[in-house]
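Presented below are the structures under discussion, each in the form of structure tokens.
Next, two complexes with chain A in common: one pairs it with chain B, the other with chain C.
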Partner chain A sequence: MKSTSKSSSQEHNLAQTGDTRVSAKISRETISTLSVAILCLVLLFSARLINPALGSWSQIETVLVLGFFLVVLSFGQGLVILTGGLDLSLPATITLGGILATNWIGAGNPDEWYLLPAVLAVCGLVGLASAIGVIWLRVPPFIMTMATSIIVASALLGYTRGTPRGTAPDMAVALMKGDILGVPAPIVVLIIFVIVGWLFQSRSVYGRYLYAIGTNIEAARNAAVPVTAMRILPYVLSAICAGFVGIALVGYSSGATLRMGDDYLLPSIASVVIGGSLILGGRGTFLGSVGGALLLTILGTIIATLGLEFGFRTIIEGSIILIALLLLREELFQKLRSLKS
Partner chain B sequence: MRKKIIKSTAAVLALSAIAAGIPGLASAQDGKKFKVFLSLSYSGNAWQSEAANIVKALAQTAPYDEMVELREVISGTDPQAQISAYESMIDEGADAIISFPISSTALNRTIKRGCDEGVLFFMYDATVTESCAYNVSYLSSGFGENSAQALVNALEGNGKIFLSRGVPGNSVDQRHTDGALHIFNQYPGIEVVAEYYSYWDDRTTQQETAKALTANPDVDGIWAQAGEYGAIQALLDAGDRLVPMTGENSAGFRLALADPDMQAKGLTGVSAGSPPAQSGYAFKLAMEILTGQRELEPMNIEYPLPWVPADAVKVCEGDVYEDGCNVFPPEMVPSSFVSEVLNTDLLPEVNVESALNGTPVPGATIQPLPAEVTEAANLPGINCGSCEAPENLYELTKVEATVQP
Partner chain C sequence: MSTVQSDPSTMIRSNENPLIRFATGAGLIVLTYVVLYALHAFQQPRALTSYSIAALFNNTAPLALAAAGQAIIVISRGFDLSVAGVISICNVTLAVYPMDGPGGAMASVAMCLAIGGSVGLVNGYLVAVLKLQSIAATLATMIICQGIALVILKAPGGAVSEWIVYEMTDRIFSVIPVSGLVLGGVVLIWLALKRTSFGISIYAIGADETSAALSGINVTRVRFLAHVLAGCTYGLAGFMLSAQTATGNPTSGTPLLMLSFAAVALGGTALTGGRGGVFASIVGAATLILLQKVLFSSGVSSFYTGMFQGSILILAVVFSSLLARLGDTK
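Let's turn to the complex of A and B:
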């Protein structure tokens, strides 16, 4: 009796929220994505006031190349967060991708390109290990991914004996330094990646499954969503993205180091949250995360040119991120909407 | 000259015995080995690993392999962890602790306790202000001012420059930058248009330099601390133009300085800065004191500043620095490899494999160090507590001003 009433009330709730959700969610997420994009553009062009060299095509090019890494990472991190998890193993997995690419392939071996997918597969296994811990061993994602991170980082320290050797594979260098029809290759790849990522998350059935799991896992199970497989997928994809970033970083700076991934963990989470995702899962778009990642990168390039003391620079950076988050809060949009209606 | 040469007594006397590999000195005689600990900060960047590897290789080289039991402890970046590491080493009866200290002041009390129990403390690269410890460091050798003057000379006293610094709030970064600004500020034609922290890391340097270049694409020169190879890559990413720059000792930077293509694009400069070989020098000094071949009171010892201008870079063919060569080719070492890890005079026993893997050179024996050690200048808060810096603190030692302000 008790259980039936509970489930019926749950169904009732679902029906109720489900009803408003379709209209509310789409507009809310579109608005927050647009706001981030507008904020990016405003920052980019107001930067001209600070320094006339800013806001030029070459600055946009720098932003897109530097933002490449963060955008790719925020796709994986965004998927994990969407299903209610968190991936702290990004730094170690980035380093894994970079070190395997330099050690297994290296420069001057273009015929060994097939090893690149192998590197990504190894990184995917790291994600699988995290997923197994989270799903079957029921370790909280925060702890599980931290553990994988420590294990992978320590294994790499042992494997390289502290000094990663090897050089960047030609493919990786071409990816970051090459040109495609006169446009820098990383920008072309970035655009393709964003389109594919957006199609996957917002237009494919798999993306829908992930939203369903993040919103209510029991409801998703009842709706015949392959819950287990779809909870594993984000961790594996996130690890593969991290491995890809590792390879790209090696191409960008011609070598691997053991700390190459360290600077990306918090920005990857921040990009996702600034992009309008709910840190507890169930809501958010990849395009929003892309905007968040680019916003952080633009902010970094502008603040670097202010010529202020380092302390002030980081205070300004933190303040702008905070203001952006407050402005993008959903309550604000709800208020705006209610004003309109 | 601010350097004072100190002669340590009786240093050379018994060394020939060691050099010949005859066991039987001091406590090695009764089968008991010296307990020497290697206490590191963070293992995971090329510099720290090379410094540790050199000590490990020396400890396995005859006759030290029969005389010393070396144990390694890594304490991350937390001074508290290093304090407890020191405490347990002292309690285990350490004879000597060779260490990269995480803080110049936080470890003092523990070090003092260890000294009172007869432990020798040898700090390398970074230093402590506790006066019972030996500091072996290049910090007093004037990296900042000498490299800055070299850059000013290359720019003929005029130009926009970037400062690529180390870690914010770090006393080493501050000392280097103070020295550099002491020079730059004398030249009104030199304008620092961007100053950023690169955390002594190639990749961070590359990204921060790329950001600075968006606002100042017409930069004329770069003064960089470690991570300098990243600045070259950022310049190449932004266009086909390089500028005069100074940096530390990465193989990537040195090879670029010697590369005619890079020179044609405008690269020139000097490679100087922090040598991982300091750890090996500190270890050998400690061993000579332990085995009774050297008498030396605790003091600040200066490791000479490595100084390799572009025209002096020479690529090695073998696995050691011989015939004046000073950088290994890219097929032997990664671009982040810190070249100043070997030293023909102080550490002839080890080679590039020792630096990379911690392995001894087969058949090598420990050679005695030069009898003389150079006393370092006082650096308040860095290598001494209540002391005063000498008046000629920023005196140039490696380069002369070829342009006047």
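Let's turn to the complex of A and C:
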């Protein structure tokens, strides 16, 4: 299975360098991103049949605002997974961002313009610690990020003595509740974030480096890719994204709790996987993950309006992830390719 | 993965070098546990009474069994997140449908094993037959299981049958803890299983799947059975957890998810597969639980338990891989 995945991502690389075969042109990434996007649209419109209140512009607005958190997280998680790791420290880092924003800064603080970036920097340090453990201490990413997560969560518990205090900084509230030219601010920020993220991962040289490392780290080293720096970067970016989500969550709900990040870890991995990434690294796109995150969010809102019990909601969510995994299996793509060519 | 591929047979028979045997076997973690226990007994002389020992075993059993199942999957090179879901389903089932008396307890155990086994069947089919990535497939089954647990019991409540609660946490002849016997039984079954061709195959497919397949091992079958076996062990973990908590909680399995991996890693089992053991993982789980007690009696606020657990986890992994590497270079 591993060898077939390598060969197909090489095929994908060939597509970039001008292979003209039809089969090579339709990359796996394009198909999975498109199918997730189509599934999103189908869900949105079919929701109208269930309940006329759904599928309207205001519902799309709600989905985008709610999906904001998951999209941002899936960017960082996606980068870490791309290089063959996994970031389990997201919940603790989200909470760190949220609690620092409320405890350090709070509402009406004139210094927030430099304190908020400082909060992000502290979160980035958590990512740096994970990266150091993974690269130099050679602790498996799964264990290392789990350990940083346990440590940070415990430090926060001690720091707040169990009850976080404080209020949301004004800028965080403006980010989530304000609007820019009549469009809700989080949607504008989301669109900018998606464009920048896509440019970084799929169009910049750094993105290419990350794919190279995820596909074959030795080959990447031989090709003069700055391997160490490029392995640190995903963990730091992922932690900063998590901190940003923590601040945004505080702006959205106007307070921090010690468990505010817990519900985001598994969905962040699920978004990346549904978006067509290989969990072993080397393959996947940010646009796919965005689709995965929005799909999960749309699903959540539809199920919520259906008035189903929370248990059934969870079962449906799990089943969708399973169906996505089954549809994205390697054999299906190979069959599809052989049909085309 | 940049792990050194080595011949599976040397992995199982383990090197003659005592250092590497110490690092890859259960020696290191057992030593850690003994030192920690001595510290615990020094702080609290009462810890040596059979009552305290039984209480410690009762606290340890659920996590230890979860870690035992997880270890089987990790050795065969995989991850199993469904452990949390299985434990939750078993717990709520026992709380919603309590069956009293020894007969009821037997039926309850059978039910838990069946629940775990069937989730294991699904996992096995997805991972071994359909070749889905284990972490992704079991993520999906875990979420579905959590949903099922919530459907069975919406909010914490219900009561586990009294017979299970009293007898499973009791001591035989007021000395031997029942939960200790359950753990001992699982260890014995594993030690026997490890010597069968199935047991050896689990290590072989974890160390190098291709060469295992080339040497005639039916990889699909072994991986499938490993998931079923692990599922049954989680079911048992759910049973012991219910005996300890005496009540139902649809999310009772969630805290055990991360800790089961921590216990496996602490026991020296390589997350890249092919190396480690069930017994070491059980001792790893026991160490995590004992650590909480030692920190508590040392006067460390329970807020900071996690900082110690996390640091010890990193230290253990670094130390054991360092020893293993020292042995390898020889």
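Simple rule for what comes next: the second predicted complex is superposed on the first by the 310 of 341 C-alpha atoms of A that agree within 3 Å, B and C clash if a C-alpha of one lies under 4 Å from a C-alpha of the other, contacts with A are read in each partner's own complex, and residues count from 1 in each chain.
One rule holds for everything that comes next: a residue touches a chain if its C-beta (ideal position, glycine included) is under 8 Å from a C-beta of that chain, and two chains touch if they have at least 3 such contacts.
If you're wondering where the values come from, they're calculated on a predicted model, not measured in any experiment.
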Combined model on chain A where chain B meets chain C, clash or fit: clash
Partner chain in contact with A:L157 - chain B first, chain C second, else both or neither: both
Touched partner set for A:L278, first chain B, second chain C, both or neither: second
Chain B versus chain C as contact partner of A:F310, first or second or both or neither: both
Partner chain(s) touched by A:T148 [first = chain B, second = chain C, both, neither]: second
Partner chain in contact with A:G182 - chain B first, chain C second, else both or neither: neither
Which superposed partner A:G318 touches (first chain B, second chain C, both, neither): second
Dominant contact partner of chain A by residue count, chain C or chain B: C
Intersection of the chain A residues that touch chain B with those that touch chain C: 153, 157, 161-162, 310-311
Residue ranges of chain B touching chain A (in the complex, touch as defined): 43-46, 48-50, 52-53, 168, 193-197, 201-204, 206-208, 210-217, 230, 233, 237-238, 252, 330, 333-337, 356-358
Chain C-facing residues of chain A, complex: 1, 84, 86, 88, 133, 137-140, 142-144, 146-151, 153-155, 157-158, 161-162, 217-218, 266, 269-270, 273, 278-280, 309-319, 321-322, 325-326, 329-330
Residues of chain C touching chain A in the complex: 1-2, 79, 126, 130-133, 135-137, 139-152, 154, 250, 258, 261-262, 265, 271-272, 301, 303-307, 309-311, 313-314, 317-318, 321
Partner chain B, residues of chain A touching it in the complex: 51, 53-54, 56, 58-59, 62, 65-66, 102, 153, 157, 161-167, 177, 249, 252-260, 263, 300-301, 304-305, 307, 310-311
